[in-house]
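Below: a set of structures, written as structure tokens.
Shared chain: subunit A. Partners: subunit B in the first complex, subunit C in the second.
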Partner chain A sequence: MKILVCIKQVPDMESKFKVNAAGTWYDDADLAWRMNEYDEYAVEQAIRLKEQVGDSDLTVLSIGSKRVQETMKKALAMGCDRGVHVNDDIVQHKSPFEIASIIAEFAGNKDFDMIFTGMQSQDRGSGQVGVLVAELLSLPCISTIVEFAYADGKVSAKRELEGGTRALVSCGLPALVTCQLGLNSPRYPTLPNIMKAKKKELLSFDVTELLKVEARQETVKTYFPDKKAGGLVLEGDVNDLADQLVKILKDQTAVLA
Partner chain B sequence: MEYTREIYWNVGHGATTLVPMYLLTILAVALLGYQARRLIADYRQGKSLDRTDNLLGRIVFMLKSMVLQSKVLKVRGPGVAHALFFWGFLLLFIGTGLIVLQADFTDLLFGIKFLKGTFYLLFSVVLDIAGVVAIAMLFGLLIRRYIVRPEGLESTRDDAIMHGLLFAILISGFVIEGARMAVTELGTPLALWSPVGLLFANGLAGLGEESLRSVHLLTWWFHLLLVMAFIGLIPFTKFRHIFTTSANYLFADRGPKGKLVGLDLEDEEADSFGAAKIQDLTWKDIFDGDACTQCKRCQDRCPAYNTEKPLSPMKLVQQIVQVAHNDPQADLIAACDKDAIWSCTTCRACQEICPAAVEHVGKIIDMRRNLVLMEGEFPGEEVMAAMENTEVNGNPLGIGYASRGEWAASLGIKTLAEDPEVDILYFVGCYASFDARNIKIAKAFIRLCQAAGVKVGILGKEEKCCGEPMRKMGNEYLYQTLAGENIELIKAYGVKKVVTSCPHCFNTLQKDYRDFDFDVEVESYTSFLEQLVRSGRISLKSDSFDCTYHDSCYLGRHNDIYEAPRNLIRAAGGKITEMDKNRSEAFCCSAGGGRILAEEKLGSRINIKRVNMAAETDSPTLVSNCPFCLTMFEDGIKGAELEEQIVSRDIAEILAEHLKETV
Partner chain C sequence: MKTLLVAEYRDGKLLASTYELVAFAQKIGADSAMFLVGSDSALPQYDGTIYLADSGKYNEFNPAVHKQLLLDVIAQEQPDLVVFSHSSYGWDLAPRIALGLKAAQISEVVDIVDGVLVTPLCNAKLRREVKAKTSQTVVTLQVGAFGLDSDPVGIPTVEQIDTDALAQVEFGGYEESEGGGVDLSKADVIVSAGRGIGKPENLEIIQRLAKALKGEYGASRPVVDAEWADHNRQVGTTGQTVSPKLYVACGISGAIQHLAGMKKSEFVVAINTDKDAPIGEVADVLIVADLKQFVPALIERLHK
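Moving on, here comes the complex of A and B:
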């Protein structure tokens, strides 16, 4: 089985974000980088599938500057077989459609049986890339999965819906799934696998080789929203406070309606 | 007439005695040798480890620990009883040796007798006293073991055999003496030089010479048989500790204390890291189990054991040696129990007290290394998250690395990147950099340095976790990565001296980093500040206050820094009421061994137990010297609902408060 997992390197969300000089994205300075959380679930699930079916080959793909190779190494250490790095120093200015097109262009003639992506990235959060890749490759797509099973050439995946309900969706191969929190607990790479990862094949493409489409959208402006009014501190006797609170909840919210 | 006695009196001289006696001896020694070889083969399953460096120092340490019983005596009561018994038995052994020497060699071959005259009198009285002391101590130990039964002391078949055999040997010895004296010495002045023998002689005297001679002869051979049984049984029972514990002194870890053995992670030949099987440990790790006498001193002091966690250092060491003897292919980690392995706080109380020089902590770390490096396993999700946080941001708290130096922003302290010309580099550590409570300690330390005119620099956002909690949790790879980065950085700035306010950083930089060619001087803030106070560079107001002081495991047991912090507290006017468990006996706060990263899910809370000990001193303040301890005590005081009664402070805060403002 040929499996592809697509990952993105994102800033650690604990970092202090500043808007960049152009005002179109965040500034790179002083950020720590890691694998997009949802992509970690995708990598873990891809490796579990690989382990399940045995005879298989798992490629991890990432787009970005040289820096993303560090994150790819983690995916390789977790158990991917080879890496494909699409070198692009200005990946942050690519729209989801362009990113999806790059992936589809790479995957188009490779006959992947299964493609895993995160359901969205922690920084841009468009949630489009996986779904667009499926569309561009004419594959069935199951999005935001929280359970995954594969048997007899068929994928069965559970999706989390509103209100705590779940849907069980199945499809044949080839297929693409986008992975949601709760799908699995990503493994911690073992030392022998970290060492092996250093020697695994890492193919490099320049983005110009794979980008064949024009952008269909652009980010006009990135900014911090204006600060809304701060919290309200009520003081005084407890009985009065309760009355005041009830009044505020009645007047200004819908919780008691 | 010259004082002496006839050796082999009544037993018979010559071949009829000597041949069976020496045949029995050969048999006993052969049995001992046979089993010893089998045991040694079991130890040799372990990996090689050189413990023969500085042989002279090792021999001196062995003799001191053996002959003076210096480690055994660290615990009064049973320690004194054991030491007195040991000395008694040692004298009896030497006495018997002298008899053998004279009767079977010097007298037999050359007609030389030395057991005579004043020397014989001395010989006689000393051995009598030695024998009675040994009996008394053995009796005391028997009462302790079988009647008092201290909690946790487990008595096995070995203990019963040992008590029975030793009693029988000692008493039968006196019966022989008494029977002989009843016939040959009663009424002579010589008898007074065997006071205990005289008692037995008086008791037996009524039997008449013929019966006395029969009793003497039978008891003599019975006594000989018992002694031979004792020799033969040495390797089969806990008697083995006579040899194994002594050898363990010889092969003891000679420090630096608490420095872990490194792992060569680049070793292409290695197909496994850490210990999953007995063969992954060293021979010394296996041997330790047979040197252990199950005295349970480690268990009595283990913070995990004392809070109902599944770890007993004593049992763990026993489990390891049992695997080596009985089931060498067994899963070592399962045999020791994973929860036990994860429960250790590496507080070192076990190793510090162990009278057999057993090394417990390294074994636990070796097994943790296997779990982490080979299986990717941790004691909980939160620990794995902390590891990942450290990989990304250089601290286990997961806070953005760029804000690491922000606490110092308003203090006029520069990073080495801004100004590398400093007196000292303050290696702040993760907690004093990011944790609101501990930032106060960093600030206090800076105030003290500034008052003393010491120019301090920090690494700011370039500093990373020293790697100590990760290493103790078994993540040697992450530790070595962090160590490499910190060392390269510190060396590149040409730092002359590093001072730490975290004893975990201190121990790591001062000992573990030496594996990586790190030669910069490292000092704990306590001894550094003590020097500043002593030289008058820091002046303190000494208005008196009461407190109790907690020795952190890594400043105390790991580095023997007990007095510097106390001197500082006193210099600031502090009157210390010590907790029962202080200095080398201090009870861990729960956060060592990387446990700071883990939730304490098993048993009761260690920090609450320690905080209660502090509260028992009726001191309003619990002073400590470690960010982990402080964090645990803040939490423990709330958990124990002692907020009204006691507060937790770091020594730097106390000192900064007592600074005499200049001008």
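Moving on, here comes the complex of A and C:
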């Protein structure tokens, strides 16, 4: 079985962000980078499928500057067999449609049986790429999955809906699924596997080889929203803070009668 | 400006988010028509045309078929904007439509300013203004970002629609989340644990604070996914929606999905080491501190 998992490198969401000089995105200087959290679940599920089926090959793909190879190495250390790095120093300027087209251009002639992606990215969160890739490749797609099972050429998944309800959806292969948080427990790469990952194939090619479409949208401006007025921010010694909060609760709520 | 609003139907009921789409169209002064795979037993109060496909025949979830039904209506209506809710149904169907139309899709719109769409970036710490370069645009609206000022009124004109399109997936029905357990929507005080508690053993600190305030404890999604708390304690879009007199968010960054579940609380206190955490957007008081030190200090004073 040939499996593909697509991952994105994103900054840690607890970072202190700044707007870039052009005012079009966040500045990527001084940020800690990591694998998009949704993609961790996708990588883990792809590896579990690989382990279940036995005779299979798992490719991890990511688009971005050389820096994304660090995140790809984590995927390789978790258990992917090989990596494809699509080198693009200005990936943040690409819209979901362009990203999906690049992935579809790569995957189009490779006959993957299963493709895994995260359901959205933590930074942009458009939630479009996975579904677009499936549509471009004419694959059935089940998005937002919190359960996945494979048996006899069929995928049985559960989509997570609002309120925690799940929808049972199944389809045949080849197919694409987009993964929601909590789908599984992503494994920590062990030291021996981190060492083995260094020897795994990691091909790099330029995005211009795969980008054949034009952007359908553009970012006009990125900015910080005005802070909500009236919210009180308190800092200092925890004991003083605790005293202050008790007073606030007594004055402004009825909970400490 | 013409819009086509994609309403949603689940478990035999029309979802209230449908009216958020109507509110958006009104806000931009656009004409609208509606599309729904549902049933004429649960139509929205809407003064316009609804293109209705029978969910009994096509299923409530059937992306390839819903896509074709919708594309056919779009071909007829020629809307400038196709509007979805940014929901598990909307974010699944919208990209398929956008691709079919060769249109830009702009997701999770929170505002529209002078015709320019605004979306959140980086867990809503930032905002981004986006413009489509295509003549038609597909948008998904953040749930709760738009709303009608008054109760919806109207009786729609229904046009039945059908298709020969084939399903690509099989829909096997719904599974409700494990019921039972606590009903957080009845609690006056909720103290919730987020990833900031660090390890499962620290949930106990949150539970003690909840008890000291005579309330219930809740949890954000990461804590539930890690199995440190039961799903029935989860507050947020895929958990429970609450509006207690007091909500104390401990070590919760304030992901959009969590805020959606608690932002209507009367008074919100957030405890977080990150001064810029998005929870600050809805907090009446943000205590910048480590909850492992602050919460015990608070409990001590409450016991006096």
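Simple rule for what comes next: the second predicted complex is superposed on the first by the 230 of 257 C-alpha atoms of A that agree within 3 Å, B and C clash if a C-alpha of one lies under 4 Å from a C-alpha of the other, contacts with A are read in each partner's own complex, and residues count from 1 in each chain.
Throughout what follows, contacts are C-beta pairs under 8 Å (C-beta built on N, C-alpha and C of every residue); 3 or more make two chains touch, one makes a residue touch a chain.
In this text, all values refer to a predicted model and were calculated from it rather than measured experimentally.
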First, second, both or neither for A:Lys16, with subunit B first and subunit C second: both
Partner chain in contact with A:Ala32 - subunit B first, subunit C second, else both or neither: first
Partner touching more residues of subunit A, whether subunit B or subunit C: C
Which of subunit B and subunit C A:Leu168 touches, first, second, both or neither: second
Shared subunit A surface residues [contacts with subunit B and with subunit C]: 14, 16
List of subunit B residues in touch with subunit A within their complex: 265, 271, 273, 372-378, 381, 384, 387-388, 391-393, 398-403, 461, 476-477
Subunit A-touching residues of subunit C, taken from the complex the two chains share: 10-11, 61, 63-64, 86-89, 91-92, 94-96, 98-100, 102-108, 116, 120-134, 140, 143, 168-177, 188-189, 213-215, 221-222, 224-225, 231, 234, 237-239, 245-246, 253, 266-267, 269, 274-277, 280-290, 293-294, 297-298, 300-302
Residue numbers on subunit A that touch subunit B, as the complex places them: 12, 14-16, 30-34, 185, 187-192, 194-195
For the subunit A and subunit C complex, residues of the former touching the latter: 11, 13-14, 16-17, 19, 26, 95-97, 119-120, 122-128, 131-132, 135-136, 140-144, 158-171, 181-182, 215-225, 227-228, 230-235, 238-239, 241-243, 245-246, 248-249, 252-256
